[in-house]
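In structure tokens below, several structures.
Two complexes follow with subunit A in common, the first pairing it with subunit B and the second with subunit C.
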Partner chain A sequence: MTTTLSPDAAAALEEANAHNARTRRNQKISAVIRYVILAIVGFIMLYPLIWLVGASFKTNAEIFASPGFIPQSPTTEGYERGWDTSTRWNFGHFFLNTLWILIPKTIGTAISATLVAYGFARFDFPGKKILFVTVIATLLLPNVVTRIPQYLLFRDLGWLDTYLPLWVPSALAGDAFFVFMLIQFLRAIPRDMEEAARVDGANTIQTLIFIVIPLLAPAIISVCLFQFMWTMNDFLGPLIYISSVEKYPVSLALRLSLDVTEAFQWNQVLAMSALTLAPSLIVFFVAQRYFIEGISTGGVKG
Partner chain B sequence: MGGEKQWVGLAYVAPYVIGLLVFTAIPFGASFYLSFTDYPLLSAPIWVGLQNYIELIFHDRTFHRALQVTMTYVFITVPLKLTFALAIAYVLNYKLKFIGFFRTAYYVPSILGGSVAIAVLWRYIFADIGLVNMIITGLGFEAINFFGDPRYALFTITLLRVWQFGSAMVIFLAALQSIPAHVYEAAAIDGANKAQTFFFITLPLITPVIFFNLILQMVEAFQEFNGPFIITDGTGAPLRSTYLVPLYIYDKAFRQFDMGYASAIAWILFAIIMVLTLIAFWSSRHWVYYAGDKRS
Partner chain C sequence: MANLSLRSVEKVYGNSFKAVHGIDLEVKDGEFMVLVGPSGCAKSTTLRMIAGLETITGGEIRIGDKVVNNLVPGDRGIAMVFQNYALYPHMKVKNNLSFGLRIKRTPKDEIARGVENVSGILEIEELLERLPKQLSGGQAQRVAVGRALIKQPEVFLFDEPLSNLDAKLRASMRVRITDLHKQLKQASTSSTVVYVTHDQTEAMTMGDRICVMKDGHIMQVADPVTLYNRPENEFVAGFIGSPEMNLIPVALQRNGAPALTIGSQTVTFGNQLASRLSASTGDDLTMGVRPQHMQMVPPETDNAFSGTISHVEFMGHEVNLYVDIEGHKFTVVIPGDHYNPSMLADGAIRLAPRESQLHLFDPKTSQNISLA
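Let's look at the complex of A and B:
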């Protein structure tokens, strides 16, 4: 099909094409600027971590010799000597302690938060509105206010210097963030399948296990991952409740090594710091999609 | 919906109700009571009325200093962190390749930032001969005594938290991505430039998320403990310039076992956080835009 354009229309078309080209060029420039900003800011942000890893393989003499991160004469001395610690136990022992805090706590969190979120999202019961308000209130309630009486409670129960103060509150859906996050997820899931299951004679527990949990699985995984990170990072909890070195998690062990070996054994401290970050980093990179989804949906803090 | 079903729902939330009572509600009340007592842990609490509060408000210079440092810390950290988070989210919110890569890179510090290891790393970065000073002297400037100079010490702690802007950024990014394209098209047809589009379209549309992040970051910042505690060995050095209120509470409660006095400090901190949160909620009527029924 051929069309003849009047001179006016041709000029207009030409101008439109030029305009489009300009827009495309602007977009290209804009994209380049964005990449440059992102790369520079990203590099500055991640350099401390890169430096940490590099410095952990340096000799003590080299660590503060230059700001570069590549070791001149790489050594694993920091890891070997740091691993042994100045205590009777090596870092492996402290990692196992952390794991022993982590596993029951995470399982307890996942189960209790799922049950409670299911209760809130799918049932009506007396006092539901007020209880839901308390979920939001606990979300914002500063822990500093409740910490001292909690400590006194655990002392009276004889739970000091055990992991119970770290496990039990989480197993009773104590982290309101997770309950809130799962409720948000559940609200977005249509109830059709659950209603069909109920019509077919399934009770609420069967519906929960066979219908809801499979649909909710990504969110539950997010909960577990966040709890993993928070527990790995938790310092104040163990600091207050755990007093014998034998029961220390890695966070306390690392602080201890700081007190004892600080003087000039920099590479030991840096090596153990890098090592304690490794589990969190690995888990994050393997499962980052769950973190991003979790945080975007539930608005969970980092 | 029969009566039986009501009990089913309650049964599911029962763990939460028990936890709420035992670990939150009762401790909350108890700490209020304790704040009016003298309680040296080994003997029973003795009622002293307002004495703790009078001491704190009128006489305790350490507390005044800690409060001043905390306020400075919060009012610098929170706006800075949110600005960074929003700025980077804005740059990321564009059809870029590798957006996932950058988002991940920026998010990493916020999952590691609260750990002991990062606080330890911070000591090495800002030490007299540390990473930053090696770079500064390498560029021909004089080294800065970050942890020895009260003017800089708080800044390093602030930076530690601002560095963790990734979680707030991810929330901003999700909000930016949810703004429908036709809104921008309409703005472009009306001849709005980029700055106008940002300040009059984008920003108002994401105010609910700004509000959410603001409250969350503020409540968190008031409770910062790990960073300053590990970096300064719990002293808040130099000259208590990094001695945040939570460090003081820890010292009073778990070093001196002065539980009544420590509870009173916690309650003053709580009251301050509450008042600021309420101000934020109250003011939100004027600046937070909820699309509500206007959204089709």
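Let's look at the complex of A and C:
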């Protein structure tokens, strides 16, 4: 079927089309501008990281010679010599050391923070308010304030130069931030599912394991993620409590290559820094999928 | 097989707010009992106390012959269907169904038989491998019912299970649940049901008996017909029935034939009403008459109230007339074929309340004094 438009209508249609075309063009232009700005700012933010990776393949002489990040004569010398370190142990040993802190700390945090958060979010008990305020108060307390008393405590326990001071407090829900984060997450989950489980005959622990933890999984994964990255990057903790080189985690081992020789082997330092970054980056990219899909699967469709 | 009884059950919250005021309720074995009332009347609280999700602060709840006051929900022999289904979002439908049995360590083949049986009854076989988020509202509702059914509980508890469904689905689920209850009853499996709703249509159509609640008190417990025809108090009279019963202040003359006066108009009634009246403290009463029981009579009729029509709602099979009698608003429902738009010309209408369906309430106690 063909319709003949009156001249007026045809003119109006043409004008409307032209207007639509203008709108589309403007949208395109603004999108291009937006993305160019974002790309430039993003590149500036990432530049130190890119430079770090690039420079780790440079020779020691070249690092300070040119500001660009593309090595002129790429070499893996920094990695080879850096890996061997100036000590009796190679860098793999220090990576393992980090792992011995990371594993108990991350698992312990996940378990203990979940238990404590479940308690606060779902049960009424005497002194709950005061205890919760205490948790929040520790959250607000600057770390520095507790360093010395903590040091004295751990010294009296005979834990100096062991990994215990580094992970035991966290594994006992000592990180108020994670407890708080899980409590907030739990509060957003309706109680109906837990009540249904109780009617189905599940006791408190069964409800926690079969219902609450699966619903809370995205939050628990992000807790593990944060704990992993912070532990990986923690420098001060190991610096205070670990004194023998054999027990150094990577964060301390990196410093090792800085002060044993007079002339710094910058390419080795940079190469090992790049390696040290790798686990955090990998874990982040693997886990962010759960992190993002997390909240949408946790909810209930009405 | 179990009856359920509540004896002086009370609920006082920590802030000393008294939600439930010592209620007594007896639900017979196999009975479909509906708890109905406006929001905040503590019907859900009562149900949750029966379920054990809410502690009781006084009285006693028995299921069968055991007192369940201090039993955890799982040991009470109940199953519950929640308002928003409360399906476990991370479990497939079949695992949702079998969760309760798995917790009780029921043998695997028995669980499989139960799942098969229940999914057959509720026609959810093809949904077993899905996750709750892949279900529509009606399907999720059926799974929620299935999760209760599979446990073969002594008492089923429903907490406004249909309020999240659209009107059409609600009507069909209503029939389905009622049918299911009949099936269970015929199979002489335990089938005692306590069903909470705020929707009086659901209550009237589903319940064997209905318990009307208000502010933590039970107003009346009766079967739907009694509740409709013989409301014990003003609240029940107003709550049950649609459109609402007209409740209008009147003056009663008792000497001779009873007569009711609204403003300057008086209508005389006969023996039927006289014989029903119990001795009352005063003669200023509230007349209760349903919109369907206000009969339109010819203009020349003497013994009737005259009023003016202010507004008309034509619904097809019937018509709602809003009538003003001496400043009091009445709703009158007449059959569609009795309606004639010319009635609106001067708006004058004469109405006679049907004597046998007329109720009188004492405004002080709100009790019906015309039931005897």
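One rule holds for everything that comes next: the second predicted complex is superposed on the first by the 252 of 302 C-alpha atoms of A that agree within 3 Å, B and C clash if a C-alpha of one lies under 4 Å from a C-alpha of the other, contacts with A are read in each partner's own complex, and residues count from 1 in each chain.
By our rule, contacts are C-beta pairs under 8 Å (C-beta built on N, C-alpha and C of every residue); 3 or more make two chains touch, one makes a residue touch a chain.
Please read all numbers here as calculations on a predicted model, not as lab measurements.
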item: Contacts of A:215 with subunit B and subunit C, given as first, second, both or neither; value: second
item: Subunit B versus subunit C as contact partner of A:67, first or second or both or neither; value: first
item: Contacts of A:206 with subunit B and subunit C, given as first, second, both or neither; value: second
item: Touched partner set for A:97, first subunit B, second subunit C, both or neither; value: neither
item: Contacts of A:227 with subunit B and subunit C, given as first, second, both or neither; value: neither
item: Partner chain(s) touched by A:270 [first = subunit B, second = subunit C, both, neither]; value: first
item: Partner chain in contact with A:193 - subunit B first, subunit C second, else both or neither; value: second
item: Subunit A residues touched - subunit C or subunit B, whichever exceeds; value: B
item: Subunit B/subunit C common contact set on subunit A; value: 299-302
item: Parts of subunit A lying in touch with subunit B, wherever the complex brings them together; value: 30-31, 34-35, 37-38, 41-42, 45-46, 48-49, 51-52, 55, 63-64, 66-67, 112, 115-116, 118-120, 122-126, 128, 131, 134-135, 138, 140-153, 168-169, 171-174, 179, 204, 229-230, 232-233, 235-236, 239-240, 251-252, 254-255, 258-259, 266, 269-270, 272-274, 276-277, 280-281, 284-285, 288, 291-292, 295-296, 299-302
item: Residues of subunit B defined as touching subunit A within the complex; value: 1, 5-13, 15-20, 22-28, 30-31, 34, 88, 91-92, 94, 96, 102-118, 120-121, 124-125, 127, 129-131, 134-135, 138, 163-164, 166-168, 170-171, 173-174, 212, 215-216, 219-220, 222-223, 225-226, 229-230, 233, 246, 249-250, 253-254, 259, 262-263, 266-267, 269-270, 273, 277
item: Contact footprint of subunit C on subunit A as seen in their complex; value: 190, 192-193, 195-203, 206, 210-211, 214-215, 217, 297-302
item: Complex interface listing, subunit C residues touching subunit A; value: 51-53, 72-75, 78-80, 82-90, 99-100, 103-104, 132-133, 135, 137, 140, 147, 151, 164
